[in-house]
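Paired with subunit B in one complex and with subunit C in the other, subunit A is shared by the two complexes that follow.
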Partner chain A sequence: MAVPNLSTSTTQYTKPPKSLWREIWKYRWCYLFMLPSLILTGMFTFYPIFASWYFAFLDWSGFTATRDFIGIGNFQEVIGDNLFWGAFRRSLIFTAISVPIQMLLSLIVAIVLNDKALKLAPVFRTFFFIPVVTTTAIVGIVMSFIFSPFNGPINGILVDLGIVSRPIDFLGSAATSLWTVIGVFIWKWFGITMIYWLASLQTVPSDLYEAARLDGAGRWELFRYIIFPLLVPFSIVILLITVVSSLNVFALVQTMTAGGPFYSSEVMEVYIYRTAFGTSGSVPRLGYASAAGVFFGIAVMIITVLQGLAVRGMRERQAS
Partner chain B sequence: MAAQSLREAKPRPDWTKLRWWFSGNRPRLIITSLILIPICLLWIYPFLWTVSAALKSNGEIFAGLGLIPQELQWSNFPRAWTEANIGKYFINTVIITVSSVAIVVITTSMMGYVLGRYNFPGKRIVIGIFVAAVFLPQGYTIIPVFELINNLGLSGSLLGVILGTSGGSPIIFILLFTGYFSRLPRELEEAAIIDGAGFFRVFWQVMLPLSRPIIATVAIMQTLHSWNDFLLPLVLTLARPDLRTLAVGIYAFRGEFFVDWGGMAAAATISILPIIILFLFMQRYFVEGIAGAVKQ
Partner chain C sequence: MNWLDKLSRRQMIKLMGATGAGAFLLTQMGQYADAQDIPIPDSGATLPTDDVTLRWVDSGDQKAVFFKAYFDAYQAAHPNIKVAYDPLPWNEIAQVVPLGIRNGTAHDVFQLPLSVSGAQAVSEGWVQPLDDVIPNIEEWKAKFPAGVFLPGITDFDGKTYSLPFTSAKRYGTHLLYNKEMLAEAGYDPESEPLTWSTFRDAAKTITEQGNGAYYGFIMGGNQINRWADIVRNLARMAGAVGGGGAQVTADIDFRTGEYQFNSEEYIGAVELLLQLRDDGSVFPGVLSINAPQARAFMPQGAAGMIMQGPWNIPQWERENPEFDFGIASGPVPDDGDVWPLTISEGGANGLWIFEGSPNAAVAGDIFHYLGTVEGQTQWANLVGAADAPILPEAIANADLSPRAAQALNMFNEQIRVGPNPVVRNPDIVQVTLELRAPEPTFPQVVQGLYAGELEDVAAQMNDLQDRYTAELERAIEAANAKGASVTRDDWVFPNWDPRADYGASDYEDL
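Our next item is the complex of A and B:
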């Protein structure tokens, strides 16, 4: 975007600061156009990151004006709280179990549906995707009925088929609640991972399949030597997105079990919500909950960075 | 042309047709479909169950596994709509969704436009910060957002929820617009500039109409986000039940009328059905928007 008639007049003032201001003035419309977006993201994306750090050092209920700076007091309390570590562990279990299952199963379905000869594939794709668009909180409530031990449909089928003699209290017993929520989570978001895989599979040129088939490659060889290497770069992105989404489970857990019974399904977000807003009888403590959030956020970031380093290492090994 | 008509003219005996039917991929495709059809029906069973329960009496819902009601109980719907305030929550949700879609489409397209087409000082810094922020989980920012909206004095109106739900997700949308605008040919705006159009008119009359597919994708993704959002409206309406959205309202419904299964199922149907219908009609944009996120 060079403007010729300006450059002749500015040759004698070539001091860098002045030309920078000139540049900025020239593009003043650009800055104006960015302003609304920058204000919105500044308020609701960037400000919260820094503010939660600040709140973490306060003894503050959130509903009164008294904010006492207590240094790392909140963090010391967080580290000493068994319920925090329980929630921390359950969040990691949630991710470690749901992500591999979701990615593998949806990849298999995506490969089946990627077959151009399968005329019904778009219909199947639609069915698998429907849970993704529905309201998570409402799905959670509906699921609490579906899994109900009092004649809920799942128990109805299990008892009718003679698989179990007595209804299982899926969400009401500490042994099964977290696993049931994980199962529903995989079902709910399966479709979106499948679409990611389908999008990646469609980047494989179709003449590659033909060439491999002519060379006498079977279905497994086709996948192992043609499709799989081409999917690797996509799978890293998909893995990252899936891991991040498996940490955003508040709506489902809160509506299905609210973290219960006896905290057996309380993941990190539910713990933060409970301590921050004082639901279920406890005192609201925004400062303390912020400390828990910051602490967990750092842990997640470390895990993500380690994941990134591992991926890079793998890539370098593959390249050599 | 000649070869084709020759082939067509040749009468084909029945047995080749039969062999064609069973040769190659056919059996495999039929078996695949036969396996997938029941899986797909089971997959959406929870929604079929919900719609069916919405049309049953409270006594019938947990009485058996059949999905067809003995007698259609339409009364569940008006009861949920008025007594449980679902009507009010529905209107709140529509207002929040429509406003946030308008805010998000306008702001992200403007930002994406300048990022995609101009090389102004500081551009790379802005893009770098935005890309880094894509991977921030939302759950841990809820406390400052709650406090910010309270401090702005917006906690007593829908505006707080509208701003919060518009501000949470647009970075990926900005990147979608940036990618699209940067690929458009330069001649388009040069012609408009020669005609004497200013910066704003070039954007509004030339570039924005060209980006219709991205606008559709962004509008639909944001609709999905605002309609289905739970944590933010829950936290912002803790003290103001009249501002609840459908998701929050139905969550509260369960606590207040916990034996009215039929009313609950009707309320769930009212809130889930619009978004499923929207999806069925606009499927292409949903899928493109999501697939675009991976390809970026």
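Our next item is the complex of A and C:
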């Protein structure tokens, strides 16, 4: 790097060599404030992830001193377990049903609330968002009372209106338990997806709307030609966030149905919890549960990568 | 408000902090003020003189009623000793206790998770023997009835590790019913126990009378173990005798040493539940409520009958004194040939002291008290029939409600102590460590049949029989490979008479 040439009048200040340490030292206060968060994340997120990869190769109950290394034995057992595949299938169903409905409904509501003319929009935004900030476990418990076939309000309305003659056991019937949990899940997390959509809608410049209206565009044309194309990059991100959150449903399922009746609402996280801690009277098996978790994580990653490749291939074909 | 205006923000914060601390201190004092109900005798143990905190965890419920009062009195009598009592439900104990042991911060006194055996805890070095911390332990143990301290259950290598301070002579599936509803249906189970047919008929009649407002039968169907408990006890009373409650003992007929899932009694009991469901006599939504919720629904008049345990009695008498309920035996077989229920060991609610506990002397002092007649009587006074005291004199001394006394007498009539394979061959503990529950387990299969997810009761029960037997044999093989010496014959007790108590001499006669 050239040293500043003081003899010439043009000042050419060149920076000192860029090294990692200098960069870190330059932004040292940022790193210092990030440090507690990094430490906690390391302890409570990364360490358990790496530890579970290790536990997956052990035959271990989780609390005994004897840990036998059994290689891929756990994985073989997981692949052969029908209950595992059932939980896998139910997790995928959960995602496949809840994500489109949640994204579509919240998009529609976000578009409606984005209208600046609507004076009560902030109030409605708050109401839609309140379920998001409630404690999931409490919601689960309260919902199990609301859906109860004995004196539960939902069944009360259904019976009074004559829609059904006998109360429906939403959470206790294998046919309806998973769908009920999906419904409550959509209701609970609807608000956050709506906020994401609102944020992305606000990047659409308002003069585009005016221009389109001047050209005679109605609501549908507005959506199809202005909003939708501009929202596509955001929707990919929101889709990813929503899919990931639809896989984190443990608290809700466990408090509403505990995976029952007879595994009908047992999604992957409940399966892992049941095998890890032996809650239904079976022996706890942390090693086996870790293997199930690792296997599921890898499977979801593969599906995501395939999806990403498919989307990219589609866009390349569109562009060409 | 003038002086408040003059306060700076810092002074305001200091003032609020001081007020808060003062209020907190006041509440602490109030806690000790009225804790003198239970006299705390001196056991002769050497207690620490500096400040210690004893941490205690158990499954709470009715125990908490006694322990909260007792620990208040104990702390008042010993000002330097603080007791931190944590009553937790079983599924939390299953997480908290193993985790605490793993990182050395376990409670000083705990109950073991339901899936962990005492032998496992001792072999892993989690617990310490009581011999050094309970003064005059031999004399103290001698007061307990036979079958309480058993090698392989509470005693290991000649030392005592656990105190089972309540009686195991109780079952959790006897009938508790709404007297009014049953009388209207024309039944009086107290004078004549319901049979399988009359139980079904009573449930149907009550449902018809209720017309949607109430139903004949309720249970906590979301709580998996209830399905197994009800089917098992119905079948046992009908003749499919067996003992114990663990996977390695329950559902095994000790006369033959075989599982009996496909016996006609077990199949009949499952079919009885399905008939109740098909009659429409079962409370809708049983599959989404757990046992405590079902228990709470009964005084609200949601159903006429429930099959639960004696722990309901003090709770209902305390919280719903106007609820007129009766106690009776669980449904008996139609032919009238009622068989006793069998337990494998005399004591329940085993308490253990953590190996790394620095306060073992305090724990020993408390354990000693729990094993004396005075302690057991105080226990009985506060807890009653929910968790019966193990010393018979305590039952006689305590003042129990009539229903509680009735329940305890019923248990004495209907329950016998049976053989315990673990006592006969301690190596069976190794088998317990190897055993895995074959999913779907017995309770899950019964729930699945009830929920309509599984069909054909006989086929499912036969399948259960095959899977459990295969798993037991696999576990025996695995245990033997690791040095144990166990055969299927260890479960066969040819000299067992299910209608009589099985004593120490019977083991020797084998």
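The rule is short, and it goes like this: the second predicted complex is superposed on the first by the 275 of 320 C-alpha atoms of A that agree within 3 Å, B and C clash if a C-alpha of one lies under 4 Å from a C-alpha of the other, contacts with A are read in each partner's own complex, and residues count from 1 in each chain.
Here is the rule we go by: a residue touches a chain if its C-beta (ideal position, glycine included) is under 8 Å from a C-beta of that chain, and two chains touch if they have at least 3 such contacts.
No experiment lies behind these values; they were computed from the predicted model shown.
Contact with neither subunit B nor subunit C is seen for A:Phe75 once the two complexes are overlaid on the shared chain. For subunit A, the partner that touches more of its residues is B, with subunit B and subunit C as the two candidates. In the superposition on chain A, no contact is made by A:Phe223 with either subunit B or subunit C. In the superposition on chain A, A:Arg166 makes contact with subunit C only, not with subunit B.
In the superposed pair of complexes, A:Ser148 makes contact with subunit B and with subunit C alike. When both complexes are overlaid on chain A, the residue A:Val139 reaches subunit B alone and has no touch with subunit C. In the overlay built on the shared chain, the residue A:Phe262 is in contact with subunit C alone; subunit B does not reach it.
In the superposition on chain A, A:Leu83 makes contact with subunit C only, not with subunit B. In the superposed pair of complexes, A:Ser52 makes contact with subunit B only, with no contact to subunit C.
Of the two partner chains, both subunit B and subunit C are touched by A:Phe277. Shared contact residues of subunit A, touching subunit B in one structure and subunit C in the other: 62, 144, 148, 150, 277. Touching subunit B in their complex are the following residues of subunit A: 1, 20, 23-24, 27, 29-31, 33-34, 36-38, 40-41, 43-49, 51-52, 55, 62, 112, 115, 117-120, 123-131, 133-139, 141-146, 148, 150-153, 156-157, 160, 187, 192, 195-196, 198-200, 203, 234, 237-238, 240-241, 244, 247-248, 250-251, 254-255, 268-269, 272-273, 276-277, 286, 289-290, 293-294, 296-297, 300, 304. Of all residues in subunit B, only 25, 29, 32-33, 36, 40-41, 43-47, 49-50, 53, 62-65, 103, 106-108, 110-111, 113-115, 118-121, 126, 129-130, 133, 135-148, 163-164, 166-168, 170-171, 174, 199-200, 203, 224, 227-228, 230-231, 235, 238, 246-248, 250-251, 254, 261, 264-265, 268, 271-272, 275-276, 278-280, 283, 286-287, 290-291, 293-295 touch subunit A in the complex they form. Listed in rising order, the residues of subunit A touching subunit C in the complex are 62-65, 81, 83, 144, 147-150, 166-167, 169-174, 257-258, 260-264, 277-285.
Subunit C contributes residues 91, 94-95, 98-99, 101-102, 114-116, 120, 124-125, 221-222, 224-225, 228, 283-289, 297, 302, 435-437, 439-441, 443-444, 447-448, 450-454 to its touches with subunit A in the complex.
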